[in-house]
Amino acid sequence: MAPHLLMALDFPMDSVLFDYSRKERIGLPEAVFCDGKPYAVLVELLKRFAHEKKNPILFTRLSPEIFSSLPDAIKVCYSYDEISRTAYVETLPLKKTPSIAIVSAGTADSFVSHEAARTLEYLGYPYLMFEDCGVAGLWRLAGKLEAINECDCVIVVAGLDAALASVLGGLTPKPIFAVPTSIGYGMADNGRTALASMLVSCAQGIAVLNIDNGYGAACAAVRVINTAQRLT
Amino acid sequence: MAPHLLMALDFPMDSVLFDYSRKERIGLPEAVFCDGKPYAVLVELLKRFAHEKKNPILFTRLSPEIFSSLPDAIKVCYSYDEISRTAYVETLPLKKTPSIAIVSAGTADSFVSHEAARTLEYLGYPYLMFEDCGVAGLWRLAGKLEAINECDCVIVVAGLDAALASVLGGLTPKPIFAVPTSIGYGMADNGRTALASMLVSCAQGIAVLNIDNGYGAACAAVRVINTAQRLT
Amino acid sequence: MAPHLLMALDFPMDSVLFDYSRKERIGLPEAVFCDGKPYAVLVELLKRFAHEKKNPILFTRLSPEIFSSLPDAIKVCYSYDEISRTAYVETLPLKKTPSIAIVSAGTADSFVSHEAARTLEYLGYPYLMFEDCGVAGLWRLAGKLEAINECDCVIVVAGLDAALASVLGGLTPKPIFAVPTSIGYGMADNGRTALASMLVSCAQGIAVLNIDNGYGAACAAVRVINTAQRLT
Amino acid sequence: MAPHLLMALDFPMDSVLFDYSRKERIGLPEAVFCDGKPYAVLVELLKRFAHEKKNPILFTRLSPEIFSSLPDAIKVCYSYDEISRTAYVETLPLKKTPSIAIVSAGTADSFVSHEAARTLEYLGYPYLMFEDCGVAGLWRLAGKLEAINECDCVIVVAGLDAALASVLGGLTPKPIFAVPTSIGYGMADNGRTALASMLVSCAQGIAVLNIDNGYGAACAAVRVINTAQRLT
Amino acid sequence: MAPHLLMALDFPMDSVLFDYSRKERIGLPEAVFCDGKPYAVLVELLKRFAHEKKNPILFTRLSPEIFSSLPDAIKVCYSYDEISRTAYVETLPLKKTPSIAIVSAGTADSFVSHEAARTLEYLGYPYLMFEDCGVAGLWRLAGKLEAINECDCVIVVAGLDAALASVLGGLTPKPIFAVPTSIGYGMADNGRTALASMLVSCAQGIAVLNIDNGYGAACAAVRVINTAQRLT
Amino acid sequence: MAPHLLMALDFPMDSVLFDYSRKERIGLPEAVFCDGKPYAVLVELLKRFAHEKKNPILFTRLSPEIFSSLPDAIKVCYSYDEISRTAYVETLPLKKTPSIAIVSAGTADSFVSHEAARTLEYLGYPYLMFEDCGVAGLWRLAGKLEAINECDCVIVVAGLDAALASVLGGLTPKPIFAVPTSIGYGMADNGRTALASMLVSCAQGIAVLNIDNGYGAACAAVRVINTAQRLT
Amino acid sequence: MAPHLLMALDFPMDSVLFDYSRKERIGLPEAVFCDGKPYAVLVELLKRFAHEKKNPILFTRLSPEIFSSLPDAIKVCYSYDEISRTAYVETLPLKKTPSIAIVSAGTADSFVSHEAARTLEYLGYPYLMFEDCGVAGLWRLAGKLEAINECDCVIVVAGLDAALASVLGGLTPKPIFAVPTSIGYGMADNGRTALASMLVSCAQGIAVLNIDNGYGAACAAVRVINTAQRLT
Amino acid sequence: MAPHLLMALDFPMDSVLFDYSRKERIGLPEAVFCDGKPYAVLVELLKRFAHEKKNPILFTRLSPEIFSSLPDAIKVCYSYDEISRTAYVETLPLKKTPSIAIVSAGTADSFVSHEAARTLEYLGYPYLMFEDCGVAGLWRLAGKLEAINECDCVIVVAGLDAALASVLGGLTPKPIFAVPTSIGYGMADNGRTALASMLVSCAQGIAVLNIDNGYGAACAAVRVINTAQRLT
């Protein structure tokens, strides 16, 4: 359970240490994961970065309840997206790299596929969305396969049985990062079944992220694109 | 853990009660599930039924170690199959019913798909085998789909991600019984991942059997065929 | 956790791809599973199908909170049922097929048994309900057994120990689809115990659906009836 | 995993402290649970008690491999039973109390039902065995119900779905102790499914023992009989 | 998740079948377990039994939210207890039997120990409460042991490590029914740790009920007392 | 689920037994763990101890909702901290002992690290906080290592992969108590992954507390400091 | 459990369908996963490919017991490695691509890191091994970091707490594939703890393979290198 | 499953990196954990250290099968203990520090309590053993409590319900490290129940090690004694 939303700022903000050197070290800046952070800390951080345009920061898992509770003066500084629950003041400059494909099984997976998309947007990497490609109607994937394979890295987002990951893994030669989603009920087990299915996929070389971790998949794809770019 | 193989018959055999009326009640005779039964009891039962041709009985999960330890005079009475670990003296009369399709993902699933096949053989129902149809190479299933859909009930056997069940479920209108298998390692979790994937399949109306339960899938298919026959 | 209910429609509706050919392919039309879908998408879909009488669509897991929040002009178009949380504008034409029996253990299971019933109603298949048949008082099932066996397919709905499935499985020769329910507490484990009990039932040929999946059981039964009809 | 079987006695036997006062305190003497005890310690204990007729001790979970490895001079002192894996030199005097019913579902459960029986035999309490009463053929239980209800305490032993416990619990007014067994495969989960089913049984007032714990069920029944006797 | 609270009575009440013969059959009347039942059904049942004094019924797991929402005319008919969440119109006649001891570890366990107490009160069996006996301060149990052992059946209620059950089990010769509670956090795992600890207790013959099932423990104790009474 | 907040005091307060001798016995006074205790009992206890300055008591897991609902006359007596959810009237006298280091991985862990800190404050033991030391940016820990090693006992608080515990365990010779936190999502599994990682840490001699149990870690550290003090 | 090793070839070999087009489709040829395949099938396959030099095939998880049981004439055709349990007749031609770094925590992980290495060897991709880099002694990793970062893709292999993955993930900008291993005992849980730790790593963009799946990590790395090459 | 025992030394021994500076860094030398290491590597390491008397090394989890397979010339150099499965050539010099108490519940726990003892012996720290103190007979612990409390650190070893840890935790003020053991069956769950019970113990400030990790408990105790010594 997330700790209580603190109403007053009695948190020692100077104990928060940003890892500003991370971008230089690994090519990816630190982001603020909002779930579980005390409310007063989040507000303080959102204030602190509201006018920061040189090193804009990405907030993930920022709930609409919290965002909408902010003073208007702060809110207007941010681009906030309810589906992905992400916020940023400005995106980093757009790179001229090959596109990343984001392929998802259904509409219910959009909170994850859009988190990946918004992260790429913020980091400045081009991407293409291919939604509603679940294998219960294979023709949907078939019609998009050529376009997917023109991208240079694939993020596949699926819940339930996650069969889309296996089918796509057998049809694309590109690096493929699979993100299980927590949709469904009963034995979907909050995404654990999709996760396990992806990990034991009969297709070779599929690598897997944590349940609902669209942000992480975007970062993994960026590691690939950055390295590939270095080689060109 | 299975209890010790008893070397001497000190088990009270008259406490074993056969449910001879089951066939009349539900259309399926009782079978002997051998796993875990004391060795002396198994030997006694295999002896008792070795010459029973009127009401021949099916032994499932009868390990080659135990079968090969039997006296030759008993062994010769039985048709024993090492892959499916099944034995019977005689099959029931072959019915004139539509075929049941048994579709499996890979060679490693054969100990389950063959258990289903041998059960149908014993019960006297026609079936067709479609093996090595895993979705990592979709062309293998595609080439067999028409023949599968000419059968009137489908048993699908798969382990790991069990994606075959979902893909096939979206392509066949027939009753479809899915059997997860315990193959694989790590997060395959002895078949639990395949089971859960099948239960939350994005394809509609797939019904699932216990892990490795080829016998049960055959029985479920027979319930369907028996009922369909009654209606004709 | 389900994603936030979006208040504004900033979701790209044209990314939603209906699988209109599914009915032709497998005999079952696509339905809209509402859990987890963004609120704005649901509203849009409910609007889009409110006057669709030729290809009416079934909405499942549509919570009363969401349904009651709709504009009245939309609400009046739908038949909505609070117990099963289902909605549709119109049912498909009623088929002249044998009945499907829906047998449930107790009143608390009704949200699942009624989902199966409403699905059959929508799809146009006759069914009979047999509720409150839990085995703690065996006389309740005994009194209904004859009527159940006059149906041609059985859906059994039970939670907790799910003993009803095993007892009924030993008394009916019909195809039997078992749906575990998430009722109870502690070791009922949100339906996992009922699910596992059904999967390892001592009765032969019981096939199992996901926890609370009354919709899936109805689809499985329809696959049987459709196939049986074809043979007549 | 059990620790290695030690070949030489380098274990400090004087660190073994018997709780001789237990029988006086709770009406049940201490027993030796053999699983996991170092081999040399077991041999030493079996030697120490081989000629102890005044306070004979019960050894449980004593594997045939270990028992058969003992010197003949020791072996002949003991009554050893392979099915239940129990050994004792002598039974305690037979009490004149009402009988305890031991009801089990199938032959594969006998290693547990016989452990309960042997424990009662050793402790000196009368009991009656009712084996092969699984509910897949309800007539088997029905025929024995009257005799079971003439006993004054019921032990029910079942694996898989453990439906027998629920059905019997709804038919007997007697104290009822349920023992799940580890038979079966897949979702039987080494007895966890039977255990959970018994714990959430729809029948009232069924109390449950650990998986395969026939010994514990006998002890629980003895507590009941001892107390009931005190009141007469 | 419990299904939605229905605001209107569109539930077919005539599908509810009471098992009125249960009391005669097993000595315990049927009770109404309220969790998960549709709201309208509960209200209907509470109305139906509000003036039933001959065969008064026990409602368990009846939440204060639901009870307080009832019309006052109904509410006044019932004795309702918020801690145990139980309601009844009248108790059954008080029996002249030995007392049942209810021993609990701490104040947080009271919602379970009081459910056991209220059930015994309703059924008419004398009992004594021994609360706050957790073993972290052994003197608390020590001071009450003699009084506990003067009762003829023991219910022990504990959460977390449930060490109280083992310690008490080694100190009392009486039938002992252990109820794990869902208190605590983290590895307390909603009572699963307490449950497992009780099942593998080093003390002999402790029988266990489902997590939080104070009602079931009372029923188990009543089975013992009823049988013991019969023998006197 | 926590039981309902009782609105009226119908709880028998005299059944609450404080273990006043505990401090003398083990050096640590009893505290009141508030989660799950009935509301009326908590209020009564908070009232009872509001003016107790000689033997002031610590309340842990006291939610802001409950604390803020107290009468002002009670609230003003207490020092309450929202992050750690702890309350006390007065601290015990400050000891002159070496400091205890509290090292945590991130801001989201503060509800646990601050519980440890507040417990030490209450008990009167000096401590130093080192927050935001997660290993994704190793320089943060490196810069504080010398100061940490000047303390005489280390509490390490981390969630997710808990890698901080292993890294720190390989760099400090001090007694080290690791507390996993329930932050994160998906496979973080409410802290189980952090807990398991700490238990199997490749660093030697790390001892682990329950998930989120900052209070317990403080107590463990106090046991060490008390013993070390005794030796000087 | 793996099915029995069949002694005679009664398996229908023509049901084995190789996916020869896979290499063209996804850049990776099909391999033979030996675990669980019937013995006779394996022998047949090893014979069939013993002289195949044009399309040599990789056998993974081929146990030394099985390999050493082969006829010498077959054995001499293969390069077999006991640590990685892999066999092939010939490697594919060595590519001129950047190196892949394989970093492992300890000697016990070598059965996995060497499987990755042998797979790369067979596929013809250069790699560098960095073994025994566990974080309990951080200096070991520190000394190799520069060389690791000169590679263009990183495979990290670790069991237990898998802290190496997080530490390395914070220090390298390269695509990083993490493989948990099943080493350790108790809460290491056959690699599940390492897997979960990697999935929730505080370092960004780490993608994870199934437990012990060195083969899959090599395939994932090859997908990256192939794509990066295409761009140059 | 541990990888195969390699018969030939084709393992690159120079990839094995000893962390020789660890003792200086954290006060504890590196040990060799033998489980899962390739056989040839173990033999090589045992040879390498057979004559090392200055920096003797401890081998843990060294199975009797492997040790007895060594050449006699190597074997005679080592002190090997079958119960604890430990080996060393020489102990480190005995320190003059207070004793560490090792308290265990039963004889079956000795493989763990002796591992702790042998580790302390090797490291040169005095200790006292208190075995067979299980709480089913509380008098056994009571008689030893005074002697235990004269030690300055307590290791408690118990399996099953692990109630000993809680009872002792409420009676000793000393630092207390609890080690769960994997003994028992069924819901003992290979030590997980004992582990969870210890983690949620009602006694304050008990810190817990991995299942069966006697070695780790000894290291934790040494951290305490080393620190306490520094303060004197």
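Order as written gives the chain letters A, B, C, D, E, F, G and H; numbering starts at 1 within each chain.
In this section, a contact is a pair of C-beta atoms (placed from the backbone, for glycine too) under 8 Å apart; a residue touches a chain by one contact, two chains touch by 3 or more.
All of these numbers come straight from a predicted model, not from anything done at the bench.
A.B. asks: Just to be sure I understand the contacts, which chains border both chain E and chain A?
C.D. replies: Shared contacts of chain A and chain E: C, F.
A.B. asks: By mean C-alpha coordinates, which chain is most distant from chain G?
C.D. replies: Using the mean of the C-alpha atoms as each chain's centre, the farthest one from chain G is E.
A.B. asks: Expressed in ° and rounded to a multiple of 5, what is the rotation angle of the C-alpha superposition of chain B on chain G?
C.D. replies: 90
A.B. asks: How many angstrom between the C-alpha centroids of chain D and chain C?
C.D. replies: 44
A.B. asks: When the C-alpha atoms of chain C and chain F are each averaged to a single point, how far apart are the two points in Å?
C.D. replies: That pair's centroid distance is 48 Å.
A.B. asks: How far is the middle of chain D from the middle of chain H, if each middle is the mean of its Cα atoms, in Å?
C.D. replies: Spacing between the chain centres: roughly 34 Å.
A.B. asks: Averaging over Cα atoms per chain, report the distance between chain B and chain C in Å.
C.D. replies: Chain centres of chain B and chain C, defined by C-alpha means, are spaced 28 Å apart.
A.B. asks: Residues of chain A touching 2+ other chains?
C.D. replies: As it turns out, chain A has residues touching two or more other chains at 22, 136-137, 169-171, 182, 184, 186-188, 192, 195, 199-200, 203-204, 210.
A.B. asks: Please give all chain pairs that are in touch with each other.
C.D. replies: A-B, A-C, A-F, A-G, B-C, B-D, B-G, C-D, C-E, D-E, D-H, E-F, E-H, F-G, F-H, G-H
A.B. asks: Within the complex, which stretch of chain E touches chain F?
C.D. replies: Touch list, chain E to chain F: 63-65, 81-83, 85, 107-108, 110-111, 129, 131-133, 136-137, 139-140, 182-188.
A.B. asks: Once bound in the complex, which stretches of chain B touch chain A?
C.D. replies: 105-106, 134-138, 160-163, 165-167, 169-171, 184, 186-189, 192-193, 195-204
A.B. asks: Tell me, which parts of chain F touch chain E in their complex?
C.D. replies: 1, 3-4, 6-8, 10-12, 15-17, 19, 21-22, 30, 33, 35-38, 41, 61, 182, 190-192, 195, 210-213
A.B. asks: Going by the contact rule set out above, which residues of chain A touch chain G in the complex?
C.D. replies: Those residues of chain A that touch chain G are 22, 25-28, 31, 98, 152-153, 169-177, 195, 199-200, 203-210, 215-224, 226-232.
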